[in-house]
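Same chain, two partners: subunit A is paired with subunit B first, then with subunit C.
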Partner chain A sequence: MRRSLPARFGLALLQMAVAAFVLIPFFWMLSVSLKPTTEPFAIPARLWPEAPTLANYVTAFRPEFRDYFLNSVVVSLSTVAITVTLGLLAAYAFSRARLLVITGLMSLVVLAQMFPHSAIIIPIYKMMRAADLLNTYTSLIVAYVSVTLPVAIWMLHGFLAKLPVSLEEAANIDGAGPIRVFWEIVVPLARPGIIATAVYVLIVTWQEFLFALSFTSSKAMRTLPVGLNDFIGQYGIRYGELMASSVMVSVPVVAVFFLLQRYFVAGLTAGAVKG
Partner chain B sequence: MLWLLIAPTAILLTAFMYYPMVGTVIESFYQTSFINPRPQFAGWAIYEKVLASREFSEILWNSVVWTLGVVLLQNVLGFLVALLLNQGLPAQGLLRAIVLLPWILPGVVTAILWRFMYDPQLGLINSILIRLGLLEDNVAWLAESRTAMAAVIFAAVWKGFPFSMLIYLAALQNVDREQIEAATIDGAGPLRRLIDVTLPAIRDVVAVNVVLTMILTFNYFDLVWVLTRGGPQNATHIFPTRIFETGFGQFRFGEAAAYGVFSILVLAVLVAFYVIVQRANAARRHTA
Partner chain C sequence: MASVALRGLGKRFGTFTALESVDLSIPDGEFLVLLGPSGCGKTTVMRMIAGLEEPSCGDILIDGQRVNDLAARDRDLAMVFQNYALYPHMTVGQNIGYPLKIKRIKGEERQRRVQEAADKVELGHLLARKPAELSGGQRQRVALARALIRTPRLFLMDEPLSNLDAKLRTVMRAQLKHLQRELATTTIYVTHDQVEAMTLADRIVILNDARIQQIGTPAEIYARPANVFIAGFIGSPPMNLIEGRIENGRFVHAAGAVGVTAADRARAVLGLRPEDIALADPADADLVGEVYASELIGDHTLLSIRIGQTLVAVKVAPDGGLPIGTKAGLKASTGKLHVFDGESGERPPVRQ
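For the complex of A and B:
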């Protein structure tokens, strides 16, 4: 489409306005995290520090932060692995089933993704307490797998439903058993969907706050979001350190997201637009 | 065979999603407190107390304002940005990647960042507004009942609009190009094309997206809790923050569960809407 010069200029301005709206808070977070603690806060606030330094990062990377980081890594990666595995198996069954009972169960799975976590957390908390699992990785992983499975199955189902069944049938005729068909045909073909789902589960789990806050009273077991929330109380005035911690918490998910973005965007929107 | 593949999921979802829904209802009939943690049957007493309290109506009203405010702004902004990103302009891919950033940012990080943005003395919002001459004195956005809810909604929209944008963008890219070109040849301007061709083509996606963001927003806890803890004077307390505070702050599980039951009822209405919209869409696709 050809556009007049003023129209192109106007659209470019709009693009810049959108970018500014999104980026200014990010830019400021970075800028404050790089401010030396000795540089007093300019009033009104100044956008870029005069002498940038990594001092805040060094201070913020304290032992507790490293513990929280490790906890987050363990809980998130375990959840991603278990959810994607169980989700793939279930989604495969749902996409290949012809029985009405099984497809009916699929709607119960989809329904569960809309449950309010704050409303179901008390019974889950009491179960975990009764099983003596509070302050363990297990309690968080079990809760996270349960709450991420519905969306994971829904996303994977969208992919698997589109794969041609004829390939599997052909392999079957060639004498491949169901496990080989699944492992050598279905899994490789569904790879983009598996990656998209894994990224989604990682983004959700890495930032999960409500369960982590309720299930971990011991400091040693807290994950990064809960740890950050504690820092507000402890280091509230020291925004430089708080922003440095925030940047360090965000970098892993942002990096993974940008590396795998093309899978993810396709995977999420395919299901959503199809309805 | 297929049953075996579903079994682990079925067990987990039954135990940790469906049973807790029932569990919350049961819980709401038993009184507990910090001093007396042994549950005692209370009948309807907890519901009567909750319904009679002024707090309940405050929280209900806040939830409505919060949900409708976020959903409306997030969808309008998401749609407009999707339109902009669908124009075939230079640097489009880069802008899309930039716009997605807030959505990937962890909720607690977003909340801390915006707490700082709103800080009366050190925050960027006051400095910008004062420098632009729109404000004379520092405003404590999150600490004043008049502004707290608007401030929280604004931060939530900043974080949430990329999600709506992404879905609208995918829908816009599916709109039949030939129809748009035909309308152009017939002399329809950009606005006419938007109203007559684009909007009817994506109305299914709009309807589903609006109800979906409503459900997600109504349930959202992280941002409000870290920004305001529901304050000042309950001005931003919504169902999730109230449930958490009552249950895990005061150990009044029965009362927290009663709030939980009310939020389940509200969601049931929204989910019913969602199903109706989906059915209507499917029926229309069928006849079309």
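For the complex of A and C:
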């Protein structure tokens, strides 16, 4: 359907307004990170620093930042690997099961993601303490897997349910066993879904704050979002360095997203089945 | 190579019966064609034999062994899917060679056999393409090649030529027939194209309404269709079916009468193949009507003669065309008349 010219113009305007609304905080973050310490609260406020400087970045990129960064990488990538693997296996089972009991479990999985983190953090904390896991990577990874897995299953289920079953049937007839079918047919075809899910899990864990703050007590175990707290002192907030750190925290995720966004567009199954 | 037997095989989807109890024995090496209109259950039969669909009742035997509980991949059969089911992430060559990859046939031999199979379906030059870059007919041939590359116990082909143009279809048909003779592999072939069925089959099974209507060689089915459905389905154009009644050994219609060897009945259907009717002087014809259309087909002319409410097709010599509206008499070749019951549509049993 082709819209009329004024309608398209209006739509474009609306889109720009939404984009601006979303992007202004990011712009402000970047702007503040480039301002000299004296400037953030100068009046009148300036959108862009008069004399941009990288001084904040230099101070923000301290040794602790590098430790936090490594912690974040370890925790996030482990979570992504575990969640996506488990999620894929579970979603495949759910999408191919014919038993009502099993498809019914799928609704339970969906239900599981409805609990707010703040409601489950205390029980999980107690479990971690009982298991003597507090202040370890394991505690964070286990917690992150448990909160991201339901959404991951649900996302992957959406992708897998759309794959034509007859491809798996054809592979069966060609002599392939279930594991082979899964690896050689299902996984390659579900790749856009797997990547999208992985990016989602990465973004969620990379920015997670509440669990990371509660479960880690030593500085050596902190992740980046908790580390940002260092700049929020009792007597003041060091905005320049805080924002510079924030920019550095955001960059990897934004980069990953841009690199992989072409995979989010599905369409890998073109030509598989007639019609 | 294998024989197949279906014993009381049936399939229900919920409350809907896709296939009622089917009994069928297919001897080793036979080319059996399942023929029937859309939705009659052809694919369902194939999928049950392949092990992709669980029967609701009945047994499937391959070489006398019950295979109901055998997984599809252990049944050792090759299948061409009606929707092709090509692996979209693999090239044409990889698609065709996938069954060999699974059998761990490697390197040069695999390559050679892939090339051979692709050449058989005239796709040898497209091995590097992905399915998305092929036309519908080319995709279908990839699906066919993926089956032909194997030497299974049984070939299952679900309308493997449906998407090819007329010329290629004729070529592929002859090739399939030749190949099947050569390999002597039992083949079950689904089609709703009766010409394909007639030319390929050792025996045809006609399915309709989830039931087998008739089993026989193409010649038997053509010569003695078991009911009006088959009579109206086989042949191009199919048999003419004229409704009337039978009185004193004669089929009686408002437009005339013709002698038949059948018991009297109040409602009957007379079946006449277009080639079994000759034009005659209206004065001593069996039935009289008028020309409705006259079409030159090539090696014959097809006349449509209106008799009461029915149009009757008659094949005559190419120069036998008549102007529309001409009064025309029809004479049926003796011994080529088919009589069906007007109520049930069945051919009455022969009186001894």
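Just so we're on the same page, the second predicted complex is superposed on the first by the 227 of 275 C-alpha atoms of A that agree within 3 Å, B and C clash if a C-alpha of one lies under 4 Å from a C-alpha of the other, contacts with A are read in each partner's own complex, and residues count from 1 in each chain.
Basically, a contact is a pair of C-beta atoms (placed from the backbone, for glycine too) under 8 Å apart; a residue touches a chain by one contact, two chains touch by 3 or more.
Note that the structure is a prediction, hence the values are computed from the model and not measured.
When both complexes are overlaid on chain A, the residue A:Ala19 reaches subunit B alone and has no touch with subunit C.
Looking at the shared chain after the overlay, A:Gly10 reaches neither subunit B nor subunit C.
By the touch criterion stated above, A:Ile122 is placed in contact with subunit B alone, subunit C being left untouched.
In the overlay built on the shared chain, the residue A:Leu167 is in contact with subunit C alone; subunit B does not reach it. Looking at the superposed arrangement, the partner reaching more residues of subunit A, out of subunit B and subunit C, is B.
In the superposed pair of complexes, A:Gly87 makes contact with subunit B only, with no contact to subunit C. Within the superposed three-chain model, A:Gly104 lies out of touch with both subunit B and subunit C [touch as defined at top].
In the superposition on chain A, subunit A positions 268-270, 272-273, 275 are in contact with subunit B in one complex as well as with subunit C in the other.
For subunit A in complex with subunit B, the touching residues are 1, 11-12, 14-15, 18-19, 21-26, 28-29, 32, 41, 43-45, 86-87, 89-90, 92-94, 96-97, 99, 102, 105, 108-109, 111-112, 114-127, 142-143, 145-147, 149-150, 153, 178, 203, 206-207, 209-210, 213-214, 224-225, 228-229, 232, 239, 242-243, 246, 249-250, 253-254, 257-258, 261, 265, 268-270, 272-273, 275. Of all residues in subunit A, those touching subunit C in their complex are 164, 166-167, 169-177, 180, 185, 188-189, 268-275. Residues 50-52, 71-73, 77-79, 81-89, 98-99, 102-103, 130-134, 136, 139, 146, 150, 163 of subunit C touch subunit A in their complex. Considering their complex, residues 1-3, 5-6, 8-10, 12-13, 15-21, 23-24, 27, 81, 84, 87-89, 91, 95, 97-102, 104-109, 112-117, 119, 121-124, 126-127, 130-131, 158, 166-167, 169-171, 174, 204-205, 208-209, 215, 218-219, 221-222, 225-226, 239-240, 243-244, 247-248, 253, 256-257, 260-261, 263-264, 267, 270-271, 274, 278, 281-282 of subunit B touch subunit A.
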